[in-house]
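Pasting the structures in now, so scroll down.
Two complexes are shown next, each including chain A; its partner changes from chain B in the first to chain C in the second.
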Partner chain A sequence: MAEIKQEPMSKKKLEYVRRERTKEMRQQVVSFGLMIFFTFIAFGMVAMDIDASFVIPVVIGLAFVQVILQFFYFMHMKDKGHEFAKLFMMTGMFFALSFIVTFIYIVWIGSPI
Partner chain B sequence: MAHMEYNVPSERWPAHPETATMEGKNKFVGFWIFLAGETALFASLFATYLALKDSVPSDDHLLAADLFALPLAFVMTMFLLTSSLTSVYAVYHMRNNNFAKMQLWLGITVLLGLGFLALEIYEFIEYTHLGHTFRSSAFGSAFYFLLGTHGFHVVIGLVWITLLIIRNAKRGLSVYTAAKVNTAALYWHFIDVVWVFIFTIVYLLGVL
Partner chain C sequence: MASTAKKQGVGSVLWDYLTTVDHKKIAILYLIAGGFFFVLGGIEAMLIRIQLAVPNNDFLSAGLFNEVITMHGTTMIFLAAMPLLFAFMNATVPLQIGARDVAFPFLNALGVWLFIFGGIFLNLSWFLGGAPDAGWTSYASLSIASAGHGIDFYALGLQITGAGTLISGINFVTTIINMRAPGMTYMRMPLMTWTTLVASVLIVFAFPPLTIGIFLLMFDRMFGSSFFLVETGGNTIIWEHLFWIFGHPEVYILILPAFGIFSEIFSTFSRKRLFGYSAMVFATVLIGFFGFMVWAHHMFTVGLGPTANAIFAVATMAIAVPTGIKIFNWVATVWGGSIEFTTPMLYALAFIPSFTMGGVTGVMQAAAPADYQYHDSYFIVAHFHYVIVGGVVFGLLAGLHYYWPLMFGNMLSEKLGKITFVLFVIGFHTTFLIQHFLGLWGMPRRVFTYLDGQGYNTANIVSSIGALLMAIAVIILVINIIMTLAKNQRVGRDPWGDGRTLEWSLPLPVPYYNFAQTPLVRGLDAYWIEKKANNGKMMPAESLEDFHMPNNSFIPFVLSFGLFVAAFGALYFASGKEWAIDAVADLPQHPWALWVLILGLAITFGSMITRSLKDDLGYYVTKEEVLRDLEEEEQRREN
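So, the complex of A and B:
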């Protein structure tokens, strides 16, 4: 069951921890603003009928930036102690990418082996 | 005693309450392994969708460009993105040992999630009326399986967070309940991560 091995913090330490949290919250609000901004750009570009060969890579790129913000700031991956989390996610993404490349290759590009 | 450490004062509240216990640490690592597995699951569904998105049996079946409405997808995205921020607020207050505000922001997260879910159900009903169903084409199957699996995750997330709010209402905040809240928040963020790819690959590239 839950036990805390935490010594009582001094007032100074407590204030420091709180200040750090507020700083982190500010970063998170900024990354939320960026995500909203990227979403607007992505939808705007598609709605404006710009050339598809330009829009597709940009929109997918914006999605990846959003996801990185989500992982590192919202899910705290930037903090220390997330080495395993990063390793697992990299493994997951490796499989993800290979699935998608394989399917697109088999169905749309490659000839049957 | 099991409930001895509940409602600790802020000076004894650890900087990272969610991983202050062995149980919390295990949950944290285990949940990231689970999320990596989820990534592979959704990737296989995305791959299927990309492979089958233009496969319809005849010309009178509607395709992505005929079906999707960008404004609806945009509003759904805003709902889910904002709910991701509100769960960040919940975790912030959890770390600051502020139980009442944590509960409040979890509640707002649930409301936004419900809004998203309502729009998705409305969308599916609309498509069904237009003849785009799970069984109408390979495109339909791939679409509903991908979006449905995501929607199912939203339902699980909503039930999970609602149960946490109810279950924790009396017992308050402790390193034991903090780990639970943190895990649910991670799950909710991951649902938003998947949605980012859905609105990009399915909706935006679909209408292009």
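So, the complex of A and C:
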């Protein structure tokens, strides 16, 4: 049973990695803070009984921004080498969306046209 | 290790295969298990044709006939065609891209054992109170009403094999994206690798809907929910949509790797570069994408409405365009080539007209108004057998002959191979061509018999004789395989003499680590380029050093066995329970079922925990060992 062969990192490399990780951490905390803030806004608007026709689109808009933050900062889509993951997610979303649209408007839930 | 231990006992060989994570051995496992199920499905097909050979036949009873057609379809699609394709993907793809194994060798082993246990579970239904009998599509309105446990075997068995397939799909996507040798850009990948990539992507997107559909069916039948029970507010059409959202991509999952095998064979035995390579890649991707947009063409007569039918009809016809691109490119590859009529090439040449005929009837059925006439008739049976046998099975037989030396180090007999080919192709057209006419004359599919004097007699007996020819062809193939293995005349590197892609640059049998040094790829048909420009030796992309390989593991087997046990628990859980559906409410109660379910899941989760907690870092293949192998190979070549 062999151990994995690994060379120790050079000092410069180590410093670079540390700096990158600090940056990454900062970004994660900021986006996490933003997401909590968005959630507060959404809850707050509902609690304040603002008109539904205003609240619904705003909440959906906030949700959209939050999804993007989630994908890019927590699921690493901003990083290099994630082109395929991005392509797969986009394709998956496209398929899911087209199934739903088909169900609602063409084949089934609504009256068939 | 395979290369050093030459004389092994039966026990140690068996243990080696039970624990292997090597893609070449997993390919052989897929081939053996898939071949077994292929024969099983073939026997079921023969039973069907015997029953239908003459009118008013009582060879099979009506109920048994339903079980036989259901198991024939299910076995052939899920347990024969897909695993056999996985066998060839496993055998070739890592070699074609210059990798030492797939990205997740452990998951590869898990995939094959899940498939094998799921397949065994499904087929145990024959001995445990009756097989599923609602057709391979298992439409919920039928399958909920089906008495006994047959459908439960279908649902649980397919759930287990489906998990295996999904795992293998993810594995191949990752392998092809991440593990290509230096210089192997996307547009230099052989077509077999490209079609495997697209088929694996389709698996990743198409299997989740099937998994969900089967879960809903399982909950309805085994745990008292009511997704498909109309009387309690369910909707049986949901099943049809979920099944066909999976089911249509599924047929492309089957045909695309077959296209890949044919593309390799055409260019090898025409001694030409594949004509229109980039168009072929584009067409492959396009077929994969369109495959998701056409599922409702299986449901034209459900009553979706004319607009929906029109949209899906047009989308379906659009698929004929990329498929046509492929057909013309294959013809142009052969055109002007220096053609060698080997057995694989014969299958490939027979595939073009056969598959095109299936494609033409496909476009006919895509016209929604006309489909009301064809629906549920033998015309449909003839169509899908033309594409699946004329496309996929021809591809599998061609691939078996073509890749056999790569997998086993010896050549199948060309003479017997050609006899098999002639019998199989004649038998195939005799069986299915006439079924088009049977359908147009009005014979419905899935009926266990027909009356005398309706004009179906002659056509049916002709069809049955054709099936007999195919059976004889398969028997000769089996004899061929046994004789070849018994004689075991070893062949060396590049046995066909015209190998173009990386897999043929390796010595046979392929060393367990594949490449002593990762090769440098300088263009499409990497090995051919080196043959023309560099004495036929691949240039290494790295210096010869120790490299890392994964350890064998018994965990995939145990993990899959756990699910096999759990499936029995789930199956008998609802028997005789008050809340169960009518189909199983009258059966005797099995109080042990819950404990078997828990025991099985405990085995599975226990294996997962063991896998997670136990460090398994693999081992290093030393430079000295590789050098020794290379010297031996050099000596063998000189002798």
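Here, the second predicted complex is superposed on the first by the 92 of 113 C-alpha atoms of A that agree within 3 Å, B and C clash if a C-alpha of one lies under 4 Å from a C-alpha of the other, contacts with A are read in each partner's own complex, and residues count from 1 in each chain.
We adopt the following convention: contacts are C-beta pairs under 8 Å (C-beta built on N, C-alpha and C of every residue); 3 or more make two chains touch, one makes a residue touch a chain.
Please read these numbers as outputs of a predicted model, since none were measured by experiment.
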Kindly classify A:106 by the partners it touches after superposition: chain B alone (first), chain C alone (second), both, or neither? both
Partner chain in contact with A:92 - chain B first, chain C second, else both or neither: both
Decide which partner touches more residues of chain A, taking chain B and chain C as the two options. B
A:84 in the overlay: touching chain B, chain C, both, or neither? Say first, second, both or neither. both
Which partner does A:27 reach: the first (chain B), the second (chain C), both, or neither? neither
Output check: A:75 vs chain B and chain C. Expected answer is one of first, second, both, neither. What do you get? first
Hey, what residues of chain A end up touching chain B and chain C alike? 1-5, 84, 88, 91-92, 95, 99, 102-103, 106-108
For the complex, which residues does chain B have touching chain A? 2, 5, 8, 10-15, 19-21, 23, 28-29, 32-33, 35-40, 42-44, 46-48, 50-52, 70, 73-74, 77-78, 81, 84-85, 88-89, 92, 95-96, 174-176, 186, 189-190, 192-193, 196-197, 199-201, 204-205, 207-208
Of all residues in chain A, those that touch chain C in their complex: 1-5, 84, 88, 91-92, 95, 98-99, 102-103, 106-108, 112-113
In their shared complex, at which residues does chain A touch chain B? 1-11, 14, 17-18, 21, 24-25, 28-29, 32, 35-36, 39, 42-43, 46-47, 52, 55-56, 59-60, 62-63, 66-67, 70-71, 74-75, 81, 84-85, 88-89, 91-93, 95-97, 99-100, 102-104, 106-108
Contact footprint of chain A on chain C as seen in their complex: 177, 201, 204-205, 237, 241, 245, 292-293, 296, 303-305, 307-308, 311, 546, 548, 617-620
